[in-house]
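Residue numbering begins at 1 within each chain, and the chains themselves are lettered A, B and C in the order written.
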C-alpha cells in the first residue's frame, strides 16, 4: 500500500539534506585546506542566528539586510578565529588544533548565555505550509533546500572557475610548494576561513527561519555535521555532500518509523558498518 | 628524596584526611576530584599516544546507565552491573576502534569518529526514555538503610572517600603499568612512524586496541562510580560532546604526559569552576563558562604541556641548563 | 642576473651548505652538479626562499632577496621547478599551468603565456583536461616546466628534471632545456646526470657535501680528471 506519510518524510529528509550538505561542505572546505576541524562550527552558526534575530527583531533591519550582515559578520568571525586562535597552534600537535576550537565552542556557548540568557527566541516569521496531495511541506524548508543548493553551486563554481578557488584546491594537495606559485598560504587560509564562516552564516539564515535560537543550539547541529563529514570522508567535499543526503534520510525516515534519536543511532551504526567496507569514507579515492 | 617514599607519604596523608573532621563540602570536593581524576587518568592512558578521543562520554554514559538500570530494574548489584557495563564498553570500543586502527584513521578523523560515538550513546539514552527517563535523567534507587556494600551505596561520605581513593590509586597503578609496558614502546614507535613500527614486528593495531579497551573499561568504572556517588544521572552530564570535551580539556590543563597530570587537571578545573561559581554566583548565567572557555583557549595556545608538564620542563631546565633552545618540532 | 653570496644553510642544527657562492649571468645556462645529498636542492630552496639561509645573501638583478617574502620571489622573475616535479595531482594539466601564473602580473597575461606553453609542448594541449597525476613521468616533467614558464620568468631553476625518467625521455628533456635556452631564458639547472647536463650548459659548479669544489666552462669540467674519474666512470 502506498504510504504517503513515508513519502512525506523521505522528501522532508531530502530538504533537510540541503542544509546539512551546506554545513558539511563548509567544514570540509576548511579541513581540506587548513587541516583543522572547527569543532565550534555549529556555534558560529548560532552566532549568525543571534545576529539575524537581533538585527531583524530589535533593530528592525529588513530581513535581507539582516541576513547579509550576518553572513558577512560570521565570515569575519571565521577570519578572526583563524588568525588569533588557529594560527598560533598550527605548527603544534594536532590535538591542540582540535581542542583550541573546542575551547571556542565553550566560550561562544557561555558568552551567548551571558549576553542573551537561556531563552529560546524566534524571529516570528510564519512561513506558509505547502500542500501537495495529502502531504505537507514547510515552505521554510523548501527555501532552505533551494538556497543551500544554490550556495553549494556557487562554491563549486568559485572553486573550479577562479584563480583563488583553484589555489584553494591546490593547497590541500601540496602545501609546501605554494609559495613557488606566488601564493601566500596565510592569505589563502584567511580567505578559506572567511568562506567557511560565510557558509555558517548562510546556514544560520536558513535555520533561523525554522528553529528557535538559544545558546545550546549548536549542540543539536554540530554533532550531526561531524557525523556527516566522517561518513563522507573528512575533507572530501563530494563525499560530505552525498553523505548529508544519506544521513538526512536516516534521520527523517528513522524518525518517522521510530523516534528521531533512533534515526541518528541507525545512521551511526550504518557508518560503522561502512567503515569496515570503505574505511576512508564512502567516496574515498 | 625517593619518589616512592614521597608517594607513600602522600597516600598516607590522603588516607587520614577524613579523620580531620572536614566538613561535608570539602569532603565532597575531594571525592569529586578523585572520581574525575580517575576518569581523566583513564582518558590520558590513550590520549598520550596521540589517540585523541572526543567521545569518552560514551563509556562514561554506559558505565553510569548500564549499572544503574540493572540495579533499578532487576535489582542486580553493581558488583555485577559494573563488569557488565565494562564489557559493553569494551565491545563498543572494539567495534569502533578496529576499523579505525586497522585502516589507520588517526588524528582529527579519529577524534570525530569518537565524538560521534559519544553523541550516539547520549541519543540512545534519550531514545530509551521509557527505561532511562530520557533527558530528565534517572535516580539510583537507594537502599532503605542508606549503606550497603552489596549496593555499593554509602550514606557516610568518608566511606565513599576511601572507595574513590582506592579506585583513583588503581588508575594511577594502571597508568604506571602501561608506562612500563611493551605497549608503550610499541605505541610510541608507532606514533613516530607506523610503517617502521610495523616492520619491526609491532602489531600496532592490536596495541592500540588494547589501550583503547583498557581506557574504555576504566572510564566505564568511573561513570558507574559517579552514578553511585551522585545517585542521580542524566544524559547530558555523563555522555555527549560537552562532557567528552571537558575530559580532554582537564587533562590538557593538568598535563597529558605525567602520571599526576590528569588529577592536577581535575583539581584545577574543579577549583576554577567552584571559584567562579562562588565569586559570581549563579545569578550571572554563563559568566563562569565564558571565563572557563577563554582560559582553555589561552591554555592551549600558551601552555600546551599543561600545568605539570610546564613545571617539569621548568625543573629540568633549572637542573641542567641546556645551551641551545630545543629546535621547534 | 643572480648572485649567491657566501650562503650557508641547513635544517635545524644540521648544516647542508657551507659558504656557497655562485653567479648566473643573463642569457646563460648554468649547471650545479654533484652527488646525491650534496646540497643542490637546498641551494635552490634558499634561492627561492623556501628556507632561509643562516648567513650570506641572494641577490637578483641587484635586489637583495632577504627582505622579499617567499611568495614574492616569483614576481622577481625567478621560477622554481621543484625536485620530483610536485604537480598538483588532482588538478587538470591546464589548472596546474594556470597555478604557475598566479601572481597578478602573470595572471593578466595568462592567455598569452598558455598559448606559448602549448606551442612549446603540444602534448600538454592534448592533455589539458586530464588530471596531472595520471600522466607519465615525462609528461609530468613537461607540465612542471610549463608551469614554471607560466609566470613569465627571467630565470628558470630546474631541479633534476631528468630524475626517474626512461633514457629516451631523458634525451627529450635535455633537448627541451636547449629549446628553452634558445627562447632566451636564463637557466640554472641542478643535475646528477653529469654527462648529459654538461652538454647543455655553458658553465657548471661542482657541489660536494655542501661546498663548491670546482667550477668552470662545461668543456673544462668534462675534461677534468677528477670529474671524469669520480662521476663519469672514465
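The rule we apply is simple: contacts are C-beta pairs under 8 Å (C-beta built on N, C-alpha and C of every residue); 3 or more make two chains touch, one makes a residue touch a chain.
Remember, predicted model here, so these are calculated numbers, not experimental data.
For this structure, the chains sharing the highest number of C-beta contacts are A-B. Taking the CA centroid of chain C as reference, the farthest chain centroid is that of B.
Think of the whole protein's Cα atoms as having one middle point; the chain whose own Cα middle lies nearest to it is A. Once the centre of each chain is set as its mean CA position, chain A and chain C turn out to be 43 Å apart. Averaged Cα coordinates give chain A a centre that lies 30 Å from the centre of chain B. For the pair chain B and chain C, the distance between mean C-alpha positions equals 54 Å.
For chain B, no residue reaches two or more other chains under the stated contact definition.
Looking at the complex, you find that chain A touches chain C at residues 163, 166-167, 169-170, 173-174, 176-185, 285. Those residues of chain C that touch chain A in the shared complex are 48-50, 69-75, 79-80, 82, 86, 88-91, 95, 98-100, 102-103, 106-107, 147, 151. The residues of chain B lying in touch with chain A in their complex are 47, 50, 52, 54, 95-96, 99-100, 102-103, 105, 107-109, 111-113, 115-117, 119-120, 123-124, 126-127, 240-242, 245, 248-249, 252, 256, 284-290, 292-294, 296-297, 299-301, 304, 328-329.
Chain A makes touch with chain B in their complex at residues 31, 35-37, 39, 85, 88-89, 91-100, 102-115, 117-118, 215, 219, 222-223, 226-227, 229-230, 234, 258-259, 261-262, 264-265, 268, 271-272, 275-276, 279-280.
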